[in-house]
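Note that chain A is present in both complexes that follow, paired respectively with chain B and with chain C.
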Partner chain A sequence: MDVHLKNITMSFQSAGSNVIAVNNFSATIKSGEMVSLLGPSGCGKSTTLMMLAGLYRPTEGQIFFGDTDVTKVDAEKRGIGMVFQNYALYPHMSVYKNIMFPLKMMKVKKPEANKKVEEVARLVQIEHLLDRKPAQLSGGQQQRVAIARALVKEPKLLLLDEPLSNLDARLRLETREEIRRIQLKVGITAVFVTHDQEEAMSISDRIILMKDGLLQQVSPPQEMYRRPVNVFAAEFIGNPPINMLDNLPDYGGKLVGIRAEHFHVSDAGMFQGEVTHMETIGRDTLIRVTGANGVSVRTFADAETRVRLGDAVHLSVKPENIHVFDKTSGERVGEGA
Partner chain B sequence: MTERRTIKETIQAYLYLAPALLILGTFSIYPVIRSLLMSFTTVHRRSMEVEEIGLHNYRFLMEDPRFHLALRNTFTFVLGVVPVAIVISLFIAVLLNQKIRGAAFFRSVYFLPFVTSTIAIAMVWSWIFHSNHGILNYFLGFIGIAPRPWIEHPDYAMTALIIMSIWSRLGFNIVILLAGLQTIDKQLYLAARVDGAGVWHRFKAVTAPLLSPSIFFLMVIGVIGGFRVFGEIYALFASGATPLPGPANSALTVVYYVFQRFWDDRNFGLATAAAVVLFVIILIFTLIQFWLGKKLVHYK
Partner chain C sequence: MKTINWKDVIKKAVIYLIVGSGALLMIVPFLWMLSSSLQTSHQVNLRPPVWFPNPPQWGNYQRILHYAPYFPRYFLNNIIVASVGTILELSTSILAAFAFSRLKFWGRDVVFYILLATMMIPAEIMLIPNFLTIVRLGWLDTYQALIIPWSASILSIFLLRQFFLGIPDSLSHAAKVDGCRNFRFLWAVMVPLARPALVTIALLSIISSWNAFLWPLIVTNSHNMRTLPLGLALFRGEAGTFFELLMAASVVVVLPMVILFVIMQKHIVASVSRSGLKG
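Our next item is the complex of A and B:
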């Protein structure tokens, strides 16, 4: 089932002022696809998700599930599955009853419902936890229960609102793979909200990048990394953050973005300076090179080049890895020459 | 710091506690023990000499039709007031917990009965219940119900008392329930909606169970308070020259019985025996409620 958002605007009246949380937003989520809604905190991701769920009604615009206009259909009737940031498990119900709840609301017959609960519990690997109360589970386990509850009614659309943000780093990595595995196995259309670009890059088929309620870029992760459409997209994607350089000799009046991993320490190159900082993270050595004018860039040093602190180095970069942006609009204008 | 208390610390602790213990001992524990002992005696009403010792007061209560009436009325009162007051307050509290305009104003309005004295409440209600100029009969007239002598007739006196008592309990109940409602995670309601639960199912599956500790608390407090009802009756009915608990004793409750036996008859033994019986009844009901609570209440 394709999902279409057409010119969606959502404004809130709060304390007398008008907050536009989502601004004339249009996007399509294709059937069976995992799409990330990515952007900094407060950019309107949750609001967009709530509108997809039917928990908020957009101030303007329409939402289509396939060919059906569901804009005015309430959450109760929309038949989607949703995983909340803090899981929102019913604290007084056992895991079993939590997962059973949506089926009970759909008046599914007991034997069939039991079978479905057991199936989905097996899918997310919590068969052994069914009798426990949510408070007796770890964060990761609660997460699985929340996913099971969202999937048990076999919805056409699964919505996840920052599902990993309450987990510790290691578990986040595991659960992220797990969510992707389940999504692929079930073949469900899914929208995954996150403010973590790495999470979005690793889990999704496509990323929808947002800022201040406005859509910035929609593209597959690699494409977003390789061809950011504006300064915001370039700066938001990638770790360490992209080097943004102003007033480079050949690029007057433009902003130039070069990712750390695209610089190479060499005998000659467009950027020269002194190594002012080094840190080794795992197998990589991150260095900071400061030029004569005080401008500094981050890059990685190969193990074999053996740079040391205080060395004077040249950095070269392939033209296709130079992103050029207009200084005033921030829009991409091309690559390096 | 070591875990063991030195003698000095212990003495210090008891010194801090002494004022409270003294007051508690003098005004609570000592009278309780004396009352219990007194309930097994009959003393002369002037000389206060003990004339009889034994179970005779309890035997008398078992036979006394007035005590039976008092028991019946008390049970009627508790059953009539506590559940209805909780249901109504629950309804209002849930409404007030919505994001509605003026909710804060209504919250204070509903709390007013709680901070208003029983006497003032009863005065206002005796005006409301007045058979000729009362506002209640006036409004009932609109929906075609004939005026009733709410306070003057034995058939209506208990109903009037129950109506007033329900109203006067709403404030406290609503405040407790609102506090309970505030602790419920709002996301649960969103999750329930996504799971397909309408208003009623959301109430049943989220609100009711998560509010059960508050409701349970109100039940226990309400039942105990209900069994001990006295002030409302005294203020509503007994303000005249002859302080009767309603026409033809129609609102005679156990505490009122105790009051009459004590002050009017000066039969201290009988009065305290009735009080002990009431104590046992309250104890049994509270134990039953705790037993039920263990099965039904969800604590975090």
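Our next item is the complex of A and C:
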């Protein structure tokens, strides 16, 4: 089922003033794909999800599930599954009853419901926990239960609201892979809200990048990384953050973005300076090179080159890896030459 | 060798002394009531008092019925008024608290604060207007008169509303997405979660209804409608008070509350500490 958002605007009355959370937002989520809504906090991504769920009603615009206009349909009637950041399991019910709850609301017959609960429990690998109460589970297990509850009624659309934010780093990685595995296996259309670019990059087919309620860029993760459409997209995606340089000799009046891994330490190059900081994390050595005018960039040092702190180095970069942006609008204007 | 920490011992001794004397202060009148209920009418008036009547006059309990033949009826009335009243109060509190905490409607908080403000009006001021209302409704000397005016309590609504507000929004969002409408969500999720608060409310309601004196006194006339606290007054006649019978009857009146307390003790402690209400 394709999902279309058409010119969605959502404004809240807050302390007497009108706050626009989502501004004239349009996007299409194709059937069976996993799309991330990515952006810093307050960018409107969660609000957009709430509108998809039917928990908020947009001030303007329309939402379509397939060909059906669901803009005015209540959450209870939309037939979606949703996973929350704090899991939102019913604390007084066992895991089994939690997963059973949506089926009970749909008045599914007992034997059939039992079968469905067991199936979905097997899918998310929590068969052995069905008798426990949510409080007796770890965060990762609770999130699995929440996913099972969201999937048990076989919804057409799965919404995930920062489902990994409350988990510790290792579990986050594991659960992330797990969510992707389940989504691909079930083949469900899914929308995943996150503020973590790495999460969005790793899990989704496409990323919808938002800022201040406005859509910035919609593209597959790698394309967003390789061809950011504006300064915000370039800076938000990637770790370490992209190097933004101003007033380079050949690029007067433009901003130039170069990712750390695209600089190479060499004998001659467009940037020269002194190595002022080094840190080795696992296989990578990240260095900071500070130029004569005080501008510094981050890059990786090859194992062979053996740079040391205080060395004077040249950094070269291939022209196709230089992103050029207009200084005032922030829009991409092209690559380096 | 284990050394004795005298500072700790003294500290403990002082604490036990204070707590112990407090407990003694609470239990002595109770024991006196129990002891007096088993004495003869002569022993009751002796100075110094008799603590252990020998033989105990168990017959006093039978004689209650002789002097107050309607006593069982009062007991029944008390049970009806306390249980129906409590069920009604729980229902109104749950619905009102849900509306004031979860539903969005115009003027919601203003209405709530106005209701809250009525808690500052002393109950005595409401006595006459309430009585007149009951008279106009033609409810004098009926169960409605005993129950309906106490079937909603602002304090209970307030307690429950605060509890409901503490239940995260995401839970109601999850329920909505799961296909659950407001009313169902209230019964299937909110009410079970609010059990500690509901136990507090139920107990407060039962106790105040069980012990109510003034209101039943003014709205009931017949023996059929009177309640236990009024019944106790029967043992004070013009010719004097039958203290041993009054005490025996008092034991009968207090006993259900004591049993209730023993059964619910764990819940009471849990709910009082959870709701932050001082009992």
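Just so we're on the same page, the second predicted complex is superposed on the first by the 337 of 337 C-alpha atoms of A that agree within 3 Å, B and C clash if a C-alpha of one lies under 4 Å from a C-alpha of the other, contacts with A are read in each partner's own complex, and residues count from 1 in each chain.
Here, contacts are C-beta pairs under 8 Å (C-beta built on N, C-alpha and C of every residue); 3 or more make two chains touch, one makes a residue touch a chain.
A quick note: this is a predicted structure, and the numbers were derived from the prediction, not measured.
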| item | value |
| --- | --- |
| Clash or fit (per the criteria above) of chain B with chain C on chain A | clash |
| Partner chain(s) touched by A:102 [first = chain B, second = chain C, both, neither] | both |
| Touching partner for A:231 - first (chain B), second (chain C), both, neither | neither |
| Touched partner set for A:10, first chain B, second chain C, both or neither | neither |
| First, second, both or neither for A:90, with chain B first and chain C second | both |
| Contacts of A:313 with chain B and chain C, given as first, second, both or neither | neither |
| Where chain A meets both chain C and chain B, residue numbers | 50, 53-55, 74-82, 84-86, 88-92, 101-102, 105-106, 149-150, 153 |
| Touch list for chain B against partner chain A, complex | 185, 187-188, 190-198, 201, 205-206, 209-210, 298, 300 |
| Residue ranges of chain C touching chain A (in the complex, touch as defined) | 168, 170-171, 173-181, 184, 188-189, 192-193 |
| Chain A to chain B touching residues, read off their complex | 50, 53-55, 74-82, 84-86, 88-93, 101-102, 105-106, 135, 149-150, 153 |
| Touching residues on chain A, where the partner in the complex is chain C | 50, 53-55, 74-82, 84-86, 88-92, 101-102, 105-106, 149-150, 153 |
